[in-house]
Each structure stands twice: as structure tokens, then as C-alpha cells.
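Across the two complexes that follow, chain A remains constant while its partner is chain B and subsequently chain C.
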Partner chain A sequence: MTEELEIFLEDCDDQLQMMEDALVDMQSNGASESTIGTIFRAVHTIKGSAGMFGFDDIVTFAHTGENLFDSIRQGDVGVCEEMISLFLLCKDHMEVLINLLTEDKELSAAQKEVGHNLIQRLEGYLPRAQIKEENIEDIPSTIVIEAAKWHISIRFHKDFFTTGMSINSVFKFFNKVGKVLKIQPIIYNIPSIEDINPLHPYIGFEVCLLADLSKSEVEDIFEFIQEDVDLYIFLCDDSDEYNTLVSIRKEPELKNELINAKFIDEDTLIEPELIIPTVEEKEEIVLNQKEEEIVLNQKEEEIVLNQKEEEEEEIVLNQKEEEEEIVLNQKEEEEEIVLNQKEEEEIVLNKKEESSEPKKKAVSSLRVDSSKIDILINYMSEISITNSRILTLIDDEGSEIGETVIHMKQLLEFVSDGIMDMRMVKVGDSFNKFRRIVSDTAKKIGKDVDFVISGEDTELDKTVVERISDPLLHMLRNSIDHGVELPEDRVACGKPAQGRVDLRAYQDSGTIVIEIEDNGKGLDRDRILAKAIENGSVKKNNNLSDSEIYKLIFSAGLSTAETVSAISGRGVGMDVVKRNIEDLRGSVEIESTIGQGSKITIRLPLTLAVIDGFLLQVGDTKYIIPLENIKECIELTTIEQESLNGNEFINVRGEVLPLLDIRLLLGENKSITERQNIVIVYFGKKIVGLLVDELLGEHQTVIKSLGIVFDQLSGISGASVLGSGEIALIFDVARLIELRNEG
Partner chain B sequence: MELDLDTEMNLDDMDDDLLVIGDSQQYLFFILAGDIYAIDVNNISEMIEYQAITKVPLMLPYIKGVTNVRGKIITVLDLRERFGLGETKLNYKTSLVITNNIALIIDEVHEVTSVEESNLKESINFGVKIERRFVKNMASYNNTHIVILDCDEVLNIKEISQKRASK
Partner chain C sequence: MILDNLTALTIYEVETLQDIFILALKEQENILLDMAKIDKIDIVGIQLLLSMVSTVKASQKTIKLINVKDTVLQQIKISNTQIALGLDV
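Right after this comes the complex of A and B.
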């Protein structure tokens, strides 16, 4: 895939997401100007970029959508519930079309059919007028007139010169095809000398050309530059057209210029305000009025800004006056003020364009392939390791070199913190994607669910966000399918008919907590237990605690749903969910009260790549415990050791903690030191004391995979290369605690 | 001078030919517990001197642990123990042969040379000290038969990733 195509696909993803967000918003809050605008822009952007790549399927499809949204934007068509569902389907179809590109596949017949249907349904909403109008536009105006007098009004876009064309060559061409009868340069757009950009053509022309050409042939003169100029061409005899010209140019001075240059008599020109728009223009004017309304709305916000600008402009205005006096010799002050006002309007208009852009774009951002950041992180860690190696080689921290290396170490930490920060994204975007799925799911099974998201601003490593997304979705579906009851059942239980599912994210002591809570019927402890005994995963006479029983839903092949629905109940999934979370060094817990609902709590590390760890030794091997999991370290005296012998618990200041002898767990034989230590670790609410040999101190470390050979090794989540080049293994505290509790 | 240049160029060409022109393939011959074994060089990413290894607990005895090769973490497997020929006794000739992110401990590198396909034979049952499944085929080499190892079987992930049976 080419880089451009990748960018296109990524952009499409964003646009589709924006579209969906806006549509879902519309569903719950009704259509607003901003949501309609967002959707229109998204469709338009996709259409535009798809056109650049020549993806005709997408262009055709998007075009219909764009037309309809244009009409909606102009108020010609209202939005109803049905339409929103239709748009959601269209959005899905658009996604299909775009995904096909990724897979480099052709559109299947069924997909074509879907697209065709959607287009027809979309067109059903289009006002008839617009369809007709398009047809009119298609008819080319090819009335041939001999030696006609053409009025050509031309304004050059500001980057005209960058196209390599010159104004001179335009006039040369005029002379080639006919005879220039009259010419009036339009110079009132030239700014004062301070503001002038020599690369911009501020000048414009009103030309009367006698030529043996039809209108389209005159237009052909400008074929190569038509993108870079504003043209208005009409027959000189048509005085109405002059009125139109004055009105579309929006240049108050133009009228006088035209009269002075004797293009037309004063009498034939009506005041611009009184011009009755021709049928063709009606639409444009409706649009303009709309724009003005928006401008008015925004003007209030801009007032403060504008006042400042007014002050500045006054200065500019004065300078302008002086200059224009030189150039033109006669300029009425009145007109200057009008000009000034017009400029102001333009500024406001520009502002409007800026501010109507989606808010996300306000922060300038750079799109970087996340694998590039991963590479950077990898190199950063290598540099840090090499740097610590230098320090060990110097063996004299007090020397000047030593100090420099230590300084270097600090700087490197800043850099790596900065790089790590780049990986952090807000969970909100990914959470909002669930809205639609939740509402679709609920609708499908006839449940009424209020889906509440909080903590969208919580930041999490991008990889974690990506990998947690599917498990979360699965659990949300479970909550809706198994948790929340049908409206009538809820009412029967004395609960409000509408159920509620909460999705929350927050930071808690070095971990990110994600909670899914519903106020449904809760987990049925006895049924889970019965099911587990039935399929043999639990013995009959067990002594399981409630939370242990709830955890059984994460084991494979256990589903208490009596019927298998399209959404859940197959008993696969929750085990995958648990594994996914554990792969991220996270944990998952369930609380539940019958009749009141359940809460699933997921704890995840802030980031996957780097941890602040505590280095220690057990047997011959060095280990790292993530600092965020450590509560405290206790040194054991020999006497204490003896009293501890064989004991599985330890008394720390009156608190009895379960103890895990790491040496025993790892099958190490003898302690290498006399002194032993206890590291008290916690994960979530669980605390365990780990009996280890030696404590070696803090260590910031990059987590690396141990390799597939060690996949089944539980309790160790990865490895890290130390400054000496040695490798230390990283403990997975959540798993260690589980191992201790399993005995 | 011209002649010299020509020969150099020819040598370059020949090197390529050795790898490309079929019927012959390069093998690493190495010594393990006093016998010579061979591995197809296409399986090997590099060979290094033996270096410090970090023990990883709870694994099968022949999984010695991990080692750091230029920042990369590589699993180390004692080939002698894998074949049931006893643990490798380290000396200055002990080397690591890295294949597929796993380093094999061998006693000594013998040589890298090419073997013509006509010199390859089906595995034979007698005189081979290791399990038959590890043998891909045999090569005639200096008038003896040398075992060419089946790397896929030697590094069978399912098998070597098992945990040590608890005592």
C-alpha cells in the first residue's frame, strides 16, 4: 500500500468516526446545525479524497449523500428519525467500500445492491427541485453570436502568479482572439504598502472585448487558469448582467468604476440592495443568508477580537487613504468606510470558517505511525542502558565524567518520558465508539438502556486502548444482554423501565481502572455454581467465596444464558476477555448483588513499554517488581526468619498478610544471602508479602518479551536488560497474588 | 593487473553460485558430545561465543534461560541436554548458534561447507546417538555419515515451552 493511500484510509477512519459520533448525537439530541455541518464536511472530505484516488464507487455514493446533506444544511429538507438510521446504514456502507480498498477487493454483487438501494433511498429524500436544477446545469450554453461585445470581469486569486501565468499573457490572448474595446483596471483592492505581498495580484480588470466567439469559446480562453481566477462573462448589451456583476463582486466601488469607465450609464444600474435575484442565484443567496446568520451568532463571540482588529484597521485605513490618494486622486471617504466594513465582514467570515471546523482540529497535531514511536522507545532504552554502562565503567561518580554521565541520565529520562507521553491517548474516543453498538444492541433485543460514559479524559497507552477495546465491547454486550432486564421485567421489580450501564475510567495509584456497571439483575451465584459443577470445572463440595464464584464466568465454556442469542450466551468470550486483560498485565474483578446489578472492574497498567521497577534477587536470577505494585520493603533478621519458618502468614504491625516464598515458588534451592527481605506488594485490593533474597534498588526499565518459549510461565511478564547487559525478569504481581491464593 | 581484477570478479560470482545453484547446500558442522552434527545454514541467523545466561526458573532443564544479544532477548537451549547427552561442560570453545531467536549451546564449531544433494541420504537407524525424530537426513562427509538436524523438531515450541514438572 502506498503511503498516500494509507493516509487516505486513516483519514477516512477519522471522518467516519466523526460522522458516526454526530449521527449518534443526532439520534439522542436531535439534529443541530453543527452536527449536520460535521456530517456534511465528513462526507465531502471523503468524497474529495476518494476522487483524488479515482475510487469512483465511493465518490458516486458519497455524492448522493453530500447532495442530501447540502439540502438539509440549507433547510430544504428536514431530518427525521428514519433518515438518521438510513445515514447510519450509509456510513456502514461507506466503511465497507473503504475497507474493500484495504483488502484490495472488488465490490460484491450483494454489496453493490446494498449501495444502490441506499442511493435510491437517499434520493427519495432529495427535493425535486434540486434534481431538476442539476439537469439544467448540464445543458451547455452554445449560442453562437457573431462579433459580439463581451464583458469580461476578472479577478485573480492571490496565488495566481505561483501557477506560472502572467497577467500580460492573458491580455495577449485577448488581442489574439479579438479586440479589446475598453479596459478598466480595478485597483481598489490593493492594500497599503505595509500590507502588500508582492507575490499577490491584487489587481482586477473589467474588459470589453469584441470577438467573434460564443460564450463558451470566451470561457475557453481561460481554460488553463480558470481555477485561479474569478470570472464573470456576459454580453455587453445586457444591462441586467451589470447589476448581477455588481452584486456578486460585492465590491462597493465597482459601480462607480463601471460608470466612470463608461461601461454603462448611471441610470441603468440599480442600487445593489434592490437587485431582484434571478432564479439561478436564489439558492446562492439563501446560502449567503444562512452564512450571515451563522456569522451573526458568532459575531458576539468575536466582538472582543474584532474591537482589537478595528483599532488596527483604523491605522491601516489611514495609511490606505494616503496611498490611495496618490494612486487614485479621488476617493470618497464614505466608500472607504464601506470597504472597511467589508473587510471586517471578511475577517468574520474567515473566523467562521475556522471556528466551524471540528474542535478536534484546533490542537495542531502530527500523525505518526505508532510503530515509529515503538522504535524510538527501543532505542531510548538502549541509550539509557549504554549510558548506565558507561557509568559502571567509569566507576567514579564524583569525577567530572561521572557527573556528566549522571546529567546525561537525567536528560535521557526527560526524553523517554516525553516519548512515552506521545503514546498516551484519551480513552474517550474509543469509548464513544461503543455508544452506537450499545444502542443498537439494546434496540435489537428490546431493552432500554441509558449508556453513561465518564472519565473520557483519562489517558492510557495507545496499545492498551486498542487491545482493551474488544474485551470492553464484549463485557458491555454481556451487561446489556444478561444484566439489564427487559423494560416490563424491570417495572415488575419496581425499577425504572430504563436500565443503566455505566462505563467509567479513572486513575488509581499507578493503574488505570475501567469499570462497567449495570443496574440489572446481577449475577446468579447459584446458577453459575451449578453450571460450573455440571461441566466439571468445580467440585461439588467446594468452599468458594462469592467473588471466586463470580470469577468462574471467566472460565471457558460457561454460559448461564438459557438461550444462545446473536449477542452472547455461547460461553466463549469471557475467557478470552480475561486472557486479553492479563496479557496487558491487568486484572479483572466482579462484584454483584442479586437484583441490583453487577460491576466489573478492570485494572490496567498505565503503560506497556516502560515501568519503574524495583530490582531484587532470588537465587541466581535478578527480578524486577513494578514500583506501582510495591507497598513497602521489610528486612528480616535471622531470628525473625526462624520464627517465620514454614509460616504462610506474616504479621506486619498487627496486620496479618499472606506470605509467598518466591524461592519456593520458583524452585530455587538455597538462599544466597543470610539476610532475607519481604517485599509487600499489592494489586487492586489484594496484598501479599513476597519473601525474596536481596534488594538491589530502583530501576527504570523497558519491558521486553521473553519469547514464545516462556509463554506458559506464569508470574513473570517479561524481561529487561540491565545496565550491565544482564537480563532481569519482571514479576507479574497480579499473577503472583493469584498463585499465592491458589496455594 | 587486469587478470587480477577478472579473477576477483569471478570469485564473487562463484560465491553467489554456491548458495544459489541448487543441488548443493551449505551446512554448519559442529561438535556435540564428541560427534559431528550439521544444521542447514538457512536456519542460522548468527553464531557467537558463549556468554552469560540469566536463568529462568520453572522451565525444562535444557532451557537454560535467556541471554542478551545486542539488546535482544534470546532463549538459550542446551542442545546436549535436549538430546539426552548430558549437560554441556563449558569451555572456551563453547558457542551459541542462534536460530529463530533461540540460541543452541554447542561444544565447538567445526566448519561451514556445502554438501551436494547427491551426498544426502535418508536417515539410518544404527550409529545415531540421538532420537530419530531429530534427524532430518544424513550427509556423507569425509567418508562418514553425519546427522543433519531437523531444526523444526529440535525447536518444537509446544515441547520446549512446557514447564518443569513440580517436585
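Right after this comes the complex of A and C.
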């Protein structure tokens, strides 16, 4: 798969998600100018990009959708609930079409039929005149109203052919967005057959396109090849631009070519010899032109109207500086200005289409493969280890070199934090995906559910977000299927007919908490217990607390549902949910009140890759406890050590805490040191004291997996390499607490 | 001249074809390029054909493309290079 195609697929993914979010929003809050605009742009972008690649199935399908949403935007067609459902199906079909590309598969007959039916249903909403017009002319393009004639001059960079992109696809796409009035191949630069490098492009094109598009929209058609082509786009009726084109191209034959192909009259063009500029002049012309356009855009759209005076001064200052830089480095500035211009055009476009939305700040972002960040994290950890090793070798932190290494360590921590920050994503994007599933699930089983998301801006490691998605979905489905009652049952209980499911996220003492809460019927404690006893997972004479009984729903094969639905009720899955959460070093708790609802609380570490830990020694081995789980450390005096004498509890300032002797648990030898310490750790609401030997101090570390050999090692989540080259094992505090409570 | 071993004229074939063309240019006065077996062409192939046509013309020889399939012709027409290639369409 080419890089361009990968970008296309990622972009489609984003656009489809935006589309789905907007549609689900429409379902709950009705259609707004903003949501209609979002959907229109998403469909339009997918169509445009697909056209670039020659993916005709996607273009044809998206085109009908785009037309309908264009009519909605114009106010010719109103939005109804069935239409929103239809559009959700269309979104799914577009996803299928795009997935087929990923898998390099052909569209099956059944899929074609689905697409055909959807198009017919979409056309059913279109104003009659529009369908008629398209059928007669057989041009699957948007209706051209106030269409502009654009001249597009195309030359290719040296590597264009090897990118695998097809210029013919672009030309074909031109006919989908408008009408190509003229294409003139520029062939005078093609060398003879003996001299040509057949893999280098020498050909060029001059095109006249009639389309209802702005300049930036025409440029967008070239989005995926913009780095590999040299474009010059202007309105055909601007004769001065033809002179500029001839000047810029520096191709003596171009003038005649343009005249012969009847792009322009002979009289209009100035003799190219008279105006051929030097390279510097050429750059300046382009530069001035771009600057003029920027100023024009700024004036027209009043982008900077609301800027504070201070900011304006700063801009003037920056402009001055930039002007100075222009003299020094025109090429670099030209690129930057083109970029600024693009951003501003985007703002203008957004402003036009989203007049009701507040102005958004242009955010510059860079899409990076997450595996590259993982590699970077790994190297960072190696550098940190090496740096610590140097410090150990120096053995004199007070010396100049020692101080330098310590300073280096601090800097490395900054870099490390910065890299880790790159991995953090807002949970909102992932949460919003659930809206539709919740809505569909509820609808399917006749329930009315208000799904409320909060804490969307909470940030979490990308890997954690991805891996928690399925467990959350499973629990949400369970809440709707088993938790929330049918409207008539709710009314009979004196509750409002509409149930409520909350999905919220927030940070709490170094962990992320995700809660799923419903106001349904709650868990039936006795029923769960009876079922567990029946299938043998719990003994009859047990002494389980409510919380422990509720947790039994995470046992394999335990379902108290009276009926098995397509959604849930087979007891398969909740055990997988728990395992997935534990794999992420997380924990899950359930609270429930019969008749009032249930709350599932999931606690997850902020990141899987790095922990701020506390290094300690037990016997011959070094261990690390995540700092976020440590409440306090207590050094035991010899008398206290003796008084403990195998106790399983410790009294800390009047509070009795369960104690876990790590040496006993992990079979460690007796320590050479006579010291003993208690480290009080907590996870959620549970607290345990860990009996360890020596405390060695804070230690930031990258977690390394122990591999599948140690997969069953309970209470240990990974390992870390210390500066000395020693291995330290990292405690899984949640599991240690469980081990202690299991006795 | 029949392009016997080729069914496509794309980026993957242009280097081989360049050698064939150079040889043909040395050996033949009037080149008749039989495209009957070519099913596929891209802009890289079209550019090579354009190079060949202009080189032949410059050396006072002649070249004619014959039996061009519809699929190939369609691609040539999209880039509007049919006239430059001397195709009667």
C-alpha cells in the first residue's frame, strides 16, 4: 500500500467518524447548520479524495449523498428521522467500500445491490428536477451554479511517476466535479527516445475546468499529490495571469501553445522574451502574488478583526522579522506563506459554512505512526539507563561531571515527558463512537435511553484507549440490555420512561477512572449468588461481600439474564472484559442498588509505557512500586519488627491495615540488611501494607514486558533495567491487593 | 513492429520498451507499431510513445500506431494526447 493510499484511508476513517458523530448528534438534538455542514464536508472530502485515486464506486455513491446534503444545505430538502437512519446506513456502506480497498477486494453482487438500493432511497429525497437533470446529461457532477472557469497549469516533480499516482484519475475526477473544457498536453519538454529517462516526467498539462469550486477547492483535488506537482491555478478570464504563467514557467514554447490551444488570444499575451524574469524575480513574483492574496483574504474575511492590540503588534513585529527573512531566504518563506494562505482559506471556508459556529483556531498537527513513538520511548529508556550507568560509574555526584550527568538526567526526563505526551489522546473520540451503538442497541430492544458522556477531554495513552474500547462497549450493551428497563416497566416502578446511561471519565490520583452508570433495575445480588453456586464457581457456605458477589458477573459462563438476546445474556464476554482490563493493569469495581441502578468503575493507569516508580529491595531482588499507588512508607524499628512476628495486620496510627510480606509471597531469601519497612499502597479504595526490606528511592522507568514465559507470574506487571544493569521487577499493585485479600 | 511480449505499456514496461524503440529506430525507416496486444497504458507509457513519435518525426522517418484497443484509446483521450500520437480518432 502506498503512503498516499494509507493517508487516504486514515483520512476516510476520520471523515466517516465525523459524519457518524454528526448524524448521531442530529438524532438527539435535531439538524443544525453545523451538523449538516460537517456531514456535507465529510462526504465531499471522501468523494474528492476517492476521485483522486480513481475509486469510482466510492465517488458514485458519495456523489448522491453529497447532492442530497447540498439540497439540505440550500434548504430545498428538510431532514427527517428516516433520512438520518438512511444516512447512517450510507456511512456504513461507504465504510464497506473503503474496507474493500484496504483488503484489495472487489465489490460483491450483494454489496452492489445494497449500494444501488441506498442510492435509490437517497434519490427519493432529492428534488425531482435535480435527478432529472443528472439523468439527462449523464454527468455525475454537482450542479454547476455560478461555475467558474479555472485554468490549471500542471508540471510534475521528478519522482511523480514513481509515487504510483495517476494524473488520468485527476482528469477523470475533474469531469465529476465540473466539466473539462480543454486539456492541452505540454509535450515540447519530452526528450528524444535516446535521451529520455522514461521514469521521469517531462510532460505537462494546461487545463481549463468549468466548476462550481473555489480556488482552494480546486487545489484540494490535488491534495494527495500536491508535494509532487507544480500547480498554477487562476481564473481563465484573468489575462494578466496568463502572462504570469508564461513568465513563471520559463518555457518559450508555452505562449504559442496557449494561443494555439485557444486558451487566450495572441494580442493579450506579452512577448515572453520581454518579461522572462531571473530566478530571483520569478520567486519574488510568486511571493508577491501570494502575499497579495493573503492580504486580500484577510481584508475580505476580516479574519484578524478581533485580535487584541497586543497580538497585532506582535504580528507586525513578526511580519517585520519575516520580511527580513524573506530577503534572506525567499524560498523557505514562500512555502510558509503558501501554508498560511491555505490555512486562511480553510478558515474562510469554515466561516462561510459554519457561520453559527465560533471561529476555530487553526491547529497545526502532524500525523505520526504510533509505532515510531514506541521506538522513540524505547530508545529514551536506553539513554536514561546509560545515563544512570554513567552516574553510577562516576560515583561522585558532587563533581562537575556528576552535576552535568544529573542535569542531563533532568533534561532526559523533560524529553521523556514530551514523548509520552504524544501518546496521550482524548477519550472523547473513542467515547463518541459509542453513541450510535447505544442508540441502535436501545432502539432494537425497544428501550428509550439517554446516553450521557462526560469527561471527553480526559487524556489517556492511545494504546489504553484502543484496548479499553471493546470492554466498554460490552459493558454499555449490558447496561442497556440488562440494566435499563423497558419504558412501560419503568413507568410502572414510578421512574421516568426514559432510562439514562452515563459514561464518564476523569483523573484520580494518577489513574484514569471510567464509570458506566445506569439508573436501571440494579443487580440482583441473591440471583447472582444462586447462579454462581449452581454452576459451582462459589461454595454454598461462603462469606462474600456484596461487592464480591457483584464481581461474579465477570466470571466465565455466569449470566442471570432470563432471555438470551442478540446483544447479551450468554455470560460470554464479561470474563473477557475483566481480563482485558487487568491486562491493562487496571481494576474494575461494581456498585449496585436494587431498583436504582448500577455503577461499574474501571481504574486504568495513565500510560502503559512508563511509570514513576519507587525502587526497593526484598531479599536479593529489586522491585519497583508505581509511585501513584504509594500512600506512605514507614520504617520499622527493631522492636516493631519483632512485635510484628508473622502478624497479618498492622496498626498504623489506630487504623488496622492488612499486611502482605513480600519476602514470603515471592519466596525471597532473608535480606542482608536488618532494616524492614512497610510501604502502604492503595488501589481505588483498597489499602494494603507491603512488608519490604530496604527503600532505595524514586525511579522513573520504562516498563519492559517479561514475555509469555512469566505471563502467569501473579503480582508482577513487568520489569525495568536499572542504571547498574540490574533487573527490577515492577509490582502490579491491584493484583497484590487481590492476592492479600484472597489470603 | 508488433509488441509481441507486452500486454501493457505502463511504468513497469517503459524501460524495456525504450530499448526496443531505440533498436527499431536504428533498423527501420517506417515504423508501424502494432498495439493489438496492449490492453493497458498509463501516462508513463503515453509519454514514452510521445517521445518515440517526436524522435521518429525529427529523423524524417514515419511512425504509425495501429490496432489500438478501446481501453488504451480511452486513456490516451483522457490526457488528450491522441493527436500528438497521430491517432485518427
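The definition used in the following text is that the second predicted complex is superposed on the first by the 513 of 743 C-alpha atoms of A that agree within 3 Å, B and C clash if a C-alpha of one lies under 4 Å from a C-alpha of the other, contacts with A are read in each partner's own complex, and residues count from 1 in each chain.
Here is the rule we use: a contact is a pair of C-beta atoms (placed from the backbone, for glycine too) under 8 Å apart; a residue touches a chain by one contact, two chains touch by 3 or more.
The structure displayed is predicted, hence computed values, not measured ones.
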- Message: Is A:Phe205 touching anything from chain B or chain C once the two structures are fitted on A? First, second, both or neither.
- Response: second
- Task: Check whether A:Phe171 is in contact with chain B, with chain C, with both or with neither, and answer first, second, both or neither.
- Result: second
- Examine A:Asn651 and indicate which partner it touches, taking first as chain B and second as chain C; both and neither are also allowed. neither
- Of the partners chain B and chain C, which touch A:Gly707 in the superposed model: first, second, both, neither? first
- Item | chain C versus chain B, contacts on chain A by residue | B
- Query: Given the touch rule stated above, what does A:Ile727 touch, chain B (first), chain C (second), both, or neither?
  - Reply: first
- Query: Thinking of the overlay built on chain A, is A:Asn535 touched by chain B (first), by chain C (second), by both, or by neither?
  - Reply: neither
- Query: After superposition on the shared chain, which partner residues are touched by A:Thr621: those of chain B (first), chain C (second), both, or neither?
  - Reply: first
- Per the touch rule, the chain A residues reaching chain C in their complex are 161-162, 166-168, 171-172, 183-185, 187, 190-194, 196, 198-199, 201-203, 205
- Query: For chain B, which residues count as touching chain A in their complex?
  - Reply: 52, 54-59, 63, 65-68, 71, 73-75, 101-102, 157, 160-164, 166-167
- Note on the structure: The chain C residues in contact with chain A across the complex are 11, 14-15, 17-18, 21-22, 25, 42-44, 46-48, 50-52, 54-55, 58, 75, 78-81, 84
- chain B touches which residues of chain A in the complex? 378, 381-382, 385, 619-622, 666-668, 704-713, 716, 719, 721, 725-729
